[in-house]
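Both of the next two complexes hold chain A, though its partner changes from chain B to chain C.
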Partner chain A sequence: MTQYILRRILQALPLLFILSFVLFAFTNALGDPLAVFAESRQRPTASQREEIRRRMGLDRPMFEQYVTWMVGNDWQMIDVNGDGSNIQPGTRRGVLRGDLGVSFVTRKPAWTRIEERLPATLTLMIPSYTITLVLALAIGVYSATRQYTLVDNIITGASFFFYSMPIFFIALMTIYIFGVQFSRWDLPALPIGGTGNGTTIDLIVHMLMPVFCLVAIQLAGYVRFIRSSMLEVLGQDYVRTAHSKGLSESNVVRKHALKNAALPLITLIGLDLPFLLAGAVVTERIFAWPGMGRLFIESFERADVPVMMAILMLLCVMVVVFQILTDVVYTWFDPRIRY
Partner chain B sequence: MKHLRKFVSAAVLLTLVLGLMLAPVAAQDVPTLTVGFAQEPDSLNGFYTSMAFAQWANDLVVASLWDITDALEAYPVLAAEVPSVENGGISEDYMTYTIHLKEGLMWSDGTPLTSDDLVFTYQMIEDPANNMLQGSTIAEALESVEAIDETTFTLTFNSPKPFPEDLAGAPGLSTILPAHIYRPVYEAEGSIEFADANQDPTVFSGAYVLTEWRRGEQMTFDANPNYTMGEVGIPRIVIRFFPDTETQYAALQAGQLDFVPNVSEGDKARVSTFENVTITTVFGGYIESLWLNIRDEAAPRAGHPALQDVRVRQAIRFALDRQAISDELLAGTVSPTDSIYGGSPFENPDLGVTQHDVDAANALLDEAGWVDSNGDGTRDLDGVELVLRYGTTTAGWRNNIQAVVQQQLAEVGVGTILEAYPASEFFGAWANSGINAVGEYDIAQYANNTALTNPANVTVYEALNCDQIPGEDNQGGQNFTGFCSEEMDAASDITLSSLDGEERLDAAYTIQQIMTDNVPVITLFPRGDNYAYNTTRFAEAPVIGSGVGNQWFAIANWQLAE
Partner chain C sequence: MATVKNVQAAQPVPKLQNYEKGTSNLSRSLARLRRHRMALVGAALLVFVFGFVIVGSILIPVRASIYNEPARALQYPSGDLPFGTDVIGRDLLARTVYGGQVSLFVGVTAVIVQMIVGTLIGLIGGYMGGAVDSLLMRLAEAMLSIPQLFLALIALRIFSDPTQFPDFTLFGRTYSSTMIVIVFVIGLTSWMRVARIVRSVVLSVKEQEYITSARSIGAGNLRIIFRHVLPNCLAPIIVSATLGVASAILLEAYLGFLGLGVRAPTPTWGNIMGEANSYIGLWYYWFFPALFIMLTTLGINFLGDGLRDAFDPRSLR
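Right, the complex of A and B next:
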């Protein structure tokens, strides 16, 4: 097993390297990080912007900027004025030496910006994902064991209804009903935006609307997936055998069917888990939730390449890690699998 | 198994209950003004930001030497008086300012605020190692800074500076750094660019101190007991960040926000219909305009050849019904102007406004030779169709204006191709192939600054100056229209440096006439700064500063309703 994990990690390294270059090229094509100052009242002059650009290394060709991002520039001298009159040593150490760069916007380390936002994202995403999985398992199994009954048809219809609903629509409608209209009707309105005043109770109250929206939008897909997976397993010979042995329905479903139906679900969860770190872009934006999704969009709007690259590379690494973990978890669920 | 399940359930329940019981309870009894910002400030050091929201947040915690009222009058804050020639604060040649601070000024931590802080601040502005976004104007103008005593210092400039309000007291340049915080960083690192205090300041001079900054969510400000202008009426201000304007307006509508700055022109009419919400508009210092690309072949992309002809440019202005744009899209809240000084005190009142006149537009286009010879509904000349690329940012209200302008121009046989870009692309630098910089447009819509407290107009001396036309040898040039008038440049120089007020005003009028005659820019309307607030939360309407100065200048007098 250890040998297998090491081999997978070594295989992932060139992949991460190629990904980093492709992502760097894309993020650099987003535009000028200093362009947002164009309509500011107090904007830097053109010559000052050129100097800032040189100091940030934005005047260099893209490939050279990539090399700096990767290995740093503290071994180079920087021509700050562009005319040789002010030569200063570079300050970046590069990703390979643990320096993810400095945000163009706040001039704080890119990793610090992630650290600021990651807890809020996990606070929102882990409960919503957990609730989604628990509900999806319950509803999916219930629906599969009662195929084509009225309840199954209602669940299927509701699944498609929410699955086809854009998240922004659900989110705005939720705000309008529970935030705005409730206050008009003198009902206890839910707070709009943010995480509250720091108390656990207030945090939970602030989470109600975004978690509801995330669950509503994610649940349908999982329910459909578990239902079809269960239906496939319930038709297998070993399930029939279990029934004929006189085992109870719940025993058959839980111990024989669900455990086998869970294998493809583990693959799905393994693929989804890394993206919990990325947050929910639209939900966080609409509910003013201070998470990673919003950080990415804000960085995108300001062409803040170091922060965007830090987020994207974090996700790439997490995808690799969770894929390896998924493979390990397989062996627990299915003793036949060995590496 | 059953026991285990019960045990786990009980443990989870107990943990949850204990968690809720032990959770800290935040103080809720402090009267608080809750403000909604569409963006989070990127820095609380005014020298490292050009973002309006950051400037506004800075204005709460930073006191200027002097500030500007809603009536555009300077008044002293940290300075004992606004320097002038009459009071001896400015030398006869306008080259030296002697500034006296009030006695007994203190930072929020109780450290004396002295001329040493000012001298240190100006040293920081002048050191390029600090890589500041702001301060270049004063850095380039300064000859020396000298502390005379604890409360007196002098600024010596390298040329006459007749406008004190533009210099040490102007927003953005008025940030005074606490030397006792920044000097150790500067001495250790040779730069304050990455100082912790830029992001997490602990010492303040303004009406409020920052007590908490929850990244991505909100900032909390409490009254500064050492503020020089006395006790404030509202003890706490919370600024919450709402990146989605719909959510922000919903929170305002639901009474969860009290005050929202920067309501866009397109949203103004809708927001003003909210129950208990009113909108107040102050002079913003911006003019929304259509910039015409009249660059020639030398540019990476020349503008449409028709735009080289001033008659075509004039015809486009005649074809536009700017009043209809105001009435139909902006609830009639703005008024058209032809002046590049529109809305400012230096606007020429005799200039007039070009009225919508389709016949005049058609006559000028016919005269210029652009006629619809092939019957396709669009004018043409020598096989070239009069179809213009019309670009702007992705702001929805601008895109609505684009659609209306397209219809209006179509009525006189001028076709348009509408384009919308993210700001980073639209305003990008030459090296990034920015749309404006490399001329990838025929009409570009965005706002320009107008003259504020004096006739020197940054748009004229930066974005319409002959020397600022971008090209391979001048990639940082800001004159994206390519318009060049030596007469206007000379007049602009007068507005910047003449010591004769009347001469400066005459020069401003000359500039307005040249611009009106040559039409490199079609000004649409002066944009106000729109603030929405919940009337039930205020004891009386809050006095709000103009876009020229500090919107919070009178915040010490704001009072919440009982």
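Right, the complex of A and C next:
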């Protein structure tokens, strides 16, 4: 097992290196990070801009910038003025030594930027994902054990409907009904955006609509998935055998069917979990939620390469980590699987 | 009672009906599709959406979609302007029609790009095997480990430099160059699943006897791929292409909604909604484009699900 995990990590490393290089090349091609200064009140002069450029290493060829990003430049000397009069040692330690670089925009470490936004995204994503999974399991199993009944048909139809619904439609509708119209009708309206004034109660009130929208969108796909994998298992011979032995319906469903139907579900969860960290770009935009999705868009719009790279690499690493975790969890659920 | 119903194997296998037009796989699948109620509903929805856009484009001149009159800004729907007007007084009905043209065009063409790339990569990977295969599959894996929206945003910014790709005029109408760029961006960031599906079909087909016999009579690689392997992949390709149109339209709408998709003057359902995001209180501003996006994706998902059932020989219901 340990050997297997080590092998998976070793296999993933070259992939991560290649990905980081390609992403670095792409994010660097987005535009001039110094362009943000053109709008600032104290606009730097051309020579000041050159100096900033040299300090940040932006005057270097892309490949050299990538090496600096990866291993740092504290073993190099930087000629800040360009004429040899002010030579300073480099300060970057590189990603491999845990330094993700400094944001071009805020001059804070890129990791600090992520630390500021990650909690907001997680307070939105963890509750909505948990609710989604619990509801999906309940509805999916219920609907699969009553295939082609009226309730099952209604559930299937509704999940199709919500599965096809773009998130902004349901988000704008809920805002319009519970935010706009409720206040017009003098009913207690829900706040339209933001995270509230800092108290837990207010935060929960602000979370109601975004969490509802995220659950409504995600739920449909999971219900469909659980229903179809449950149906497949319920058609198996061992389920018929369990029935014919006289086991109770709930016993068969929970112990024999659900445990087997859970395997593909674990794969799906393992694929989806890392992306929860990316936040929900559109939902966060609509509800003015200061999460990771907004952070990515903000740094994207200002060509803030270190922050973008930090987010992207965090996601890539998490994808690898969760793939390995999925394999480990698999062995618990299915004793036939051995590595 | 319920337990007996669940035992599928106990049900008698329904007899194949006699079909009028031949009994090829395709005609049998089409006959199954015609009896699939959900698929018919989906097709009807799509006919309605495409009909709305086509008939609208014939009845309403293009001018109406870009003509602005600030004096009539943000008007409530009325007899003259059934969908109301937007913030600079443009007719929202005309914009929904012409935005629909662009959204549907982007959705369909992006899927064509996606299918060509995905099928080629899947065919090459599955057929060649070895280093080529593992390289291509690693590439797919790498691209799947980044959210598609992030990838599309980055690619869109790099390739939509207006100085490099100027707006173009076609049949007397000016389009933003981002419209073409977005087709390729969506297509090239979503081929991975198709490639995997095609590859898995190729892997199972290539061990069959008829491939060996084709090779033994001297058929070349290209002939084997296009004559014997590709036709076997058609069903899964058609199904994922259908469903792919829905996700392409949605991705375009998300990009447009974020204000980073197709740029003005070209309207799309997504960027109309992006403009409307500041006017959530005026329901008619965002409701109609959102409704049409939903009807389209709903129709496509119904139809795609029906196609999947129709092509799957195990689902003889």
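The criterion applied here is as follows: the second predicted complex is superposed on the first by the 320 of 339 C-alpha atoms of A that agree within 3 Å, B and C clash if a C-alpha of one lies under 4 Å from a C-alpha of the other, contacts with A are read in each partner's own complex, and residues count from 1 in each chain.
Criterion: a contact is a pair of C-beta atoms (placed from the backbone, for glycine too) under 8 Å apart; a residue touches a chain by one contact, two chains touch by 3 or more.
The model shown is predicted, which means the values in this text are computed figures rather than measured ones.
**Student:** Is A:R227 touching the first partner chain B, the second partner chain C, both, or neither of them?
**Tutor:** Neither partner.
**Student:** Applying the touch criterion given at the start, work out whether A:H256 contacts chain B, chain C, both or neither, answering first, second, both or neither.
**Tutor:** neither
**Student:** On the A-aligned overlay, A:I192 touches which partner chain: chain B = first, chain C = second, or both, or neither?
**Tutor:** In the superposition, A:I192 contacts both chain B and chain C.
**Student:** Looking at A:Y176 after the superposition, I want to know if it touches chain B, chain C, both of them or none. Which is it: first, second, both, neither?
**Tutor:** In the superposition, A:Y176 contacts both chain B and chain C.
**Student:** May I ask you to decide whether A:F287 touches chain B, chain C, both, or neither, giving the answer as first, second, both or neither?
**Tutor:** Once the two structures are laid over each other on A, A:F287 reaches chain B alone.
**Student:** With both structures fitted on chain A, tell me whether chain B or chain C touches more of chain A's residues.
**Tutor:** B
**Student:** Quick one: is A:L312 in contact with chain B, with chain C, with both, or with neither? Answer first, second, both or neither.
**Tutor:** Second partner only.
**Student:** Now for A:L34: first (chain B), second (chain C), both, or neither, which partner does it touch?
**Tutor:** first
**Student:** Scan A:R55 for contacts with chain B and chain C and give back first, second, both or neither.
**Tutor:** first
**Student:** Quick check for you: in the superposed arrangement, does A:S164 touch first (chain B), second (chain C), both or neither?
**Tutor:** Once the two structures are laid over each other on A, A:S164 reaches chain C alone.
**Student:** What part of chain A is shared between its chain B contacts and its chain C contacts?
**Tutor:** Looking at chain A, the two contact sets intersect at 30-31, 172, 175-176, 179-180, 192, 285-286, 297.
**Student:** Residues of chain A touching chain C in their complex?
**Tutor:** The touching residues are 15, 18-19, 22-23, 26-27, 29-31, 145-148, 160-161, 163-166, 168-169, 172, 175-176, 179-180, 192, 234-235, 237, 239-240, 243, 249, 252, 274-275, 278, 281-282, 285-286, 296-297, 300, 312, 315-316, 319-320.
**Student:** List the residues on chain A that touch chain B in their complex, please.
**Tutor:** 30-53, 55, 58-59, 80-81, 86, 88, 102, 105-108, 113, 116-117, 120, 172, 175-176, 179-180, 183, 189, 191-195, 197-202, 285-291, 294-295, 297-298, 301-303
**Student:** Could you list, by residue number, the parts of chain C that touch chain A in their complex?
**Tutor:** 2-3, 5-10, 38, 138, 141-142, 144-147, 149-150, 153-155, 157-158, 246, 250, 253-254, 257-258, 273, 277, 280-281, 283, 286-287, 290-291, 293-294, 297-298, 300-302, 305
**Student:** Once bound in the complex, which stretches of chain B touch chain A?
**Tutor:** 19-20, 23-26, 28, 40, 42-43, 48, 50-52, 55, 128-129, 131, 133-134, 136-137, 170-173, 193-194, 198-199, 214-218, 240-244, 246-248, 250-251, 253-256, 285-286, 422-429, 431-432, 434, 436, 446-447, 449, 462, 468, 475-478, 547
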